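By letter and in written order, the chains are A, B, C and D; residue numbering begins at 1 in each of them.
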Amino acid sequence: MVDAFAYVPAVVLLPFFSFLVALGAGKYLPKGGAFGGIAATAGSFLLSLWIATAVAGGRAYNETLYTWAAGDQFELTFGALIDPLSALMLVIVTLVALLVHVFSLGYMNDEGETGLPRYYAGLGLFTASMLGFVVADNLLMAFMFFELVGLCSYLLIGFHFREPGPPSAAKKAFLVTRFGDYFFLVGVVAVFATFGTAAFAGEGSFPALAEAALAGSGDVWTPGGLELQTWLTVVGLLVLGGVVGKSAQFPLHTWLPDAMEGPTPVSALIHAATMVAAGVYLVARMYGFYALTPTTLAVIAFIGGFTALFAATMGVVKDELKQVLAYSTISQYGYMMLALGAGGYVAAVFHLTTHAFFKALLFLGAGSVIIAMHHNEDMWDMGGLKSRMPVTYYTFLAGSLALAGIFPFAGFWSKDEILYEALVHGLNEPLLLGGYVMGLLAVPVTAFYTFRMVFLTFHGEPRTDLAADPEPVRWNVKGPLTVLGSLAVVTGFINMVPVQKVLGLEGIDYLHRWLDNEWGGIEGLSSHHYADLGPYSSGYIAGGEVPTVLVGAAVSLGLALAGLGLAWRLYNVTSPTEHTAKLGGIKDVLYNNYYLDELQVWIAYRTEDIAGGADTFDQGIIDGVVNGVSSVSLLGGSRVRRIQTGLVTQYAAMLTLGLIALLVLLGVNGGWFL
Amino acid sequence: MSDWIAIGALAAVGLLIPIGMMTVSALLRPSVPETGKSTTYESGETPTGGTRIRFNIQYYMVALLFVVFDIETVLLFPWAVIYRPAIEAGVPMTDLLWPMLTFVGILAIGLGWAWRTGAVEWARSSRAASRKTERDINT
Amino acid sequence: MSSVAPAWSALSPALLLGLTGLALLLVDTIRPNERSNTSMAVVSALGALASLSVTVWFVIAGTGHADTGGAITLLEGAVKVDTMSLFFTAIFASVTALVVVAAHDYFHDHQRPAAFYSLTLFAATGMALLAVANSLAIVFVALEMVSLPSYALVAFLKKNRGSVEAGLKYFLIGALSSAVFLFGISLVYAATGSLIFGEVAGQIESLDTLSGVAGIGIVMIVGGVAFKTASVPFHFWAPEAYEGAPAPVSAFLSSASKAAGFVVAFRVFTEAFPLGASLAADINWVLAFGVLAAVTMTLGNFAAAVQEEVKRMLAYSSIGHAGYALIGLAALSAGSAGNEAVMGAAMAHLLVYGFMNTGAFLFVAMAERWGIGRTFEDYAGLARRAPVACTAMAVFMFSLAGLPPFAGFFSKYFLFMGAIENGFLWLAGLGAVNSVVSLYYYSRVVRAMFLDDPATPSALDAIDVRPTALYAAVVFAAVATVLLLPGFGPVIEAAEAAAAALF
Amino acid sequence: MVPPEWYLLLASGVFCIGLFGILTRSDALYFLMSVELMMNAANVNFVAFSLYYGDLTGQVFALFVIALAAAEVAIGIGIILVLYRNFGDIDVTVPTEMRW
């Protein structure tokens, strides 16, 4: 039998070839090279499935494939690490990439876009870099592909480079993520300096070395006699800088909403399912390292919880379809970070999986709506699309239910597990409990904005002529939607922990068992091992595990339903209005109802106020800081250049002064004048 | 120290004699101011034009070549000084001769190039030619 | 190797360059009136390539390597051929080859191009000589041998005011710096009584009262080196010289000439003034280089960020890169095992830099050849007319910025890494901050070429010629920059081996 | 025999005079002369300490320096010539077209 793992490089290289083909010969190919991309990603997908089967067969793979440069102190190598986590991620990325390629036929080709070879080349390169990132077996290789991913997003977001918006959005995405990446780079260097290796897995890997060093065996370098625990925390936080940038966590999240300027399939691929996932994936990949430093975990959890709530509130006031989705993406990744910080490694990967499917679905659904609406994205111009585009509606609805966390859709299971983990671990950790509360508060907000979006877009009466007569979409749009729609419904069932706990059924938490190396994997990279390392202990409310599960699930589902209901009341009407205060003026409404409406309106207003405040903060402070730093640099630059006066005698004078300064410096240092 | 006294005395005498002669002649000679005496001395010719004329550019070119090649000969002297003693001490002739031949050869190539590319051709400048005819007409 | 060939043949890379220069003069002497630009360019490129191949062959054969009998010394120890000298000779020869090929198109309508080619080759000879110098006397003579042709090259366009102004400034600052350098050498000679590196090193420790004299001398030598490498505060000539000079000359100066300055610095400060002995004599030159590196990279990058002209931006960026390479000297500490790693990384950075920076300046040369303007705005939309060249330029820019996965990233990474290993976290941190700044102005070029629209539709009509040789040189430099990715392993190994021989 | 410090003082004095000339004069020819002065200050050191140490290297190197200085002047004069042609002056503070 041929070894599946021999084809690991092929998974990465296939999309890369499609990139080369589209770049070199795209002009001469039908559909601008789309079919090459589809074939390549399909191939990668099949290979990934095969590899996942091999992992399920009890095997794993951790090999150095290519030694790039071997220096005196350290070396750069390329390798592949296939364990349950990366195998799962490979399947997700290749599947979403394949569907996005197919969808692009409808969104780009059928819409008569120009520059298609460039587009497909970008998609191919992006997929290849993301896959390279997924299989990376060491931190440096991961960093390089991480950067490539960033570069590709720059190219793809700025695809419509002749318009004013996209280039600046692309630049912002690039710069903001790179800002985080510089911390990451310093972190990589620090890892090398500390451990002399950056391998993820195996005996000599840096998480293993860190663990051994903390246990008192093994000798690692720390700068300036810093205590080991402190230094590991610093390193962890540095790497986290890159994660915060890529996964669009507060305060480096600003690029993601702007990045919606890119073509919608790109948003689906990059900003929903893969690139933003890279940050979370990285934390999961080196979770054995993070689990050693409680401070870092707490920071991750708190950032995650805060981002989840913060972004969700902003999603409430957005009028454009993709903007709402953008903020929901930020918010959902906040949940994953919360899970990771709370010690819920499996929960985070679970939510990563379900979110990849339902968020890709929502973006592609939005793309379908945008095609129908001739690229008008304002939800207030839509309405009543339900009957005119049923496939889009029902799949979009499935995705929305998943996003809102309604039982039994995928998002319910994963979000519930995250909140559960945060709760049971947070009972003993105040900071974590804070994260949990914020996560919980975000639940009704999420449900509210999600269904506000659904109702405004699909329900009621058409509010414009465009919406009354939408452009039909073809199979290449509906196909991917259907696939993802079914996945959004069923993915949750791979990990029904609550059911298992309540009913006492053993063995239906497949994802848990998968990530716990039950079928196969690499020693030291199992959720079990991580749980042993982690600093947390579990506490329960209402007297035990089962009641805690039930209470937690009930609370989050109840809150989600409350948010949904609020949206229903405000927006599922024939002609919803932006300022819901008008509802209060209707005379024939019953007094009680009136009072309720008032409350609803008040809540809606307050929410909007908070959201508006957050939005202002976002635009004013964060952007202000970024702009401020750059203008200070430029100002410094224009001061510096003034010393170049053009007068050669002044140059000679300054040269002499510099020489004298050096003489004095060394003279004083060496004591020549004494 | 006595050596220095002699040198000092020599310097003093060297200064005193010309100064003394000039002073004496200034005291003795009659003073007859006349325009012809204050004009520029041009070997008997009547001076034409101002003193601040532009020199022909090729004057500098030749001067440059002179400076360079003149100074390079400085490096020949030490070689010449040790040549005979070295031969007598048994150093092979080629070891002594070849380096200097190479050096001179390189100089020769440079000089040849400068020559052939017109650095030392005096009359090729059109401005110089026109100026010359101008002066011919005047005289 | 040395057992079969006479010892002087170890100098053949330098000799080949010099002989080619002389041959060009001879040919021009014999047929002065024929404008044989093409044959001149071909001959000089062949000469440079021959020198390069001999160098590479020597490296492979292990000439001067510790395994084959160690460094070869000639002329009473005044000249020493070892791995580092061959490494740098390879840089000089490659850059020279690129520059003379590009010059063929740049000087296509020049009256007398022969002088350009021979001056370039003579300067390259001087550089190759610098790489093997083992005596302060040879260092000074070779340094002047590089400088004097360079002055003439910068002012080569005699009727162009920019070129002349650049040449004047370069010459004046250069003359001043070489006088300072020479005086420094004379002070070191006064203190130690020798000019041979090894003998100077033997005396440094036991200087006693003369250590002040030697110290002043060493600081002046630092000054001379700083001039050649365009480091602050001896950098003032660089922006003007690079901007005003013909672009191939700028490429030559900013890559090869800078590397020449560094080879001197590396050798002089490890072999003549070894760190341990210098510290014993209270001469802490590492501190001086630390200050220079910090100031140089900061000034270079920040000034580059606010330039309007691409060529001047590249000039300042070249100053910034000198700051990075200075880390190779500034991040040393006495007796540390990491010294060779950091110096080796600096050498590797100079090699990578040699290709990417030469390529960038040659792209500017192409833009000058086309006659489009010099500012960022003038480059707008260029990628539509010249996609290949613009892609190459994008490679150079990203590599210069140190963006992974380009070669510039690796060399910079190894450099910063080595500095951190040696305990110079602040230098590496400052370098990282400066890299962030640099990304801004490098990406401006790429954005202008690929994303911006030309100011007027007819702005790019000037691009009506396809200068083949320039294209070839630019593309070759880009290919080399890319090929240094898989080839970076051997490069860093060779560089570290070269550095190891110094300590 | 003259103590070696005196030579050092003499050389430093000459060097500083040259430096002073460079910093105060804007005429290109004065600039050249000042540089020559600085180089000759170095030559004083070489020759003096060559004598002091009884080692010929310094003297020979001084000859080389003289030759190089001449070559430098030759190049310098050439540049000053083209400077005059383009700017109509040999004042080095005149060409300031490139700055900042």
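Basically, contacts are C-beta pairs under 8 Å (C-beta built on N, C-alpha and C of every residue); 3 or more make two chains touch, one makes a residue touch a chain.
These figures come from a predicted structure and were not determined experimentally.
Enquirer: Just by CA atoms, which chain is the most central one?
Expert: Measuring from the global C-alpha mean, the nearest chain centre belongs to C.
Enquirer: Consider the two chain pairs B-C and A-C; indicate the one with the greater count of contacting C-beta pairs.
Expert: Counting C-beta pairs in contact for A-C and B-C gives the edge to A-C.
Enquirer: Taking the mean of the C-alpha atoms as each chain's centre, how many Å separate chain A from chain C?
Expert: Centre separation, chain A to chain C: 44 Å.
Enquirer: Return the distance between the CA-based centres of chain B and chain C, expressed in whole Å.
Expert: Whole-Å distance between the two chain centres: 40.
Enquirer: Round to the nearest whole Å and give the separation of the Cα centres of chain A and chain D.
Expert: The answer is 65 Å.
Enquirer: So the centre of each chain is just the mean of its C-alpha atoms; given that, what is the distance between chain A and chain B in Å?
Expert: 82
Enquirer: What parts of chain D, by residue number, touch at least two of the other chains?
Expert: Counting only residues that touch two or more other chains, chain D contributes 22, 64, 71, 78, 92, 95-99.
Enquirer: On chain B, where are the residues touching two or more other chains?
Expert: none
Enquirer: Got the chain A residues that touch at least 2 other chains?
Expert: Expected reply: 641, 644, 646, 648, 652.
Enquirer: Mind giving me all the chain pairs that touch?
Expert: Those chain pairs satisfying the definition are A-C, A-D, B-C, B-D, C-D.
Enquirer: Under the touch definition given earlier, write down the residues of chain A that touch chain D in their complex.
Expert: Those in contact with chain D are residues 641-642, 644-649, 652-653, 656.
Enquirer: Of all residues in chain A, which touch chain C in the complex?
Expert: 67-74, 76, 143-144, 147-148, 151, 158, 161-162, 167, 171, 174, 178-179, 182, 185-186, 189-190, 192-193, 223, 630, 633-634, 636-638, 640-641, 644, 646, 648, 651-652, 654-655, 657-659, 661-663, 665-667, 669-673
Enquirer: Which residues, counting only chain C, touch chain B once they are in their complex?
Expert: 22, 25-26, 28-30, 32, 112
Enquirer: What residues on chain B touch chain D, complex-wise?
Expert: Residues 57, 60, 63-64, 67-68, 70-72, 74-75, 78 of chain B touch chain D in their complex.
Enquirer: Taking the complex as given, what residues does chain B use to touch chain C?
Expert: Against chain C, the touching part of chain B is residues 106, 109-110, 112-113, 115-118.
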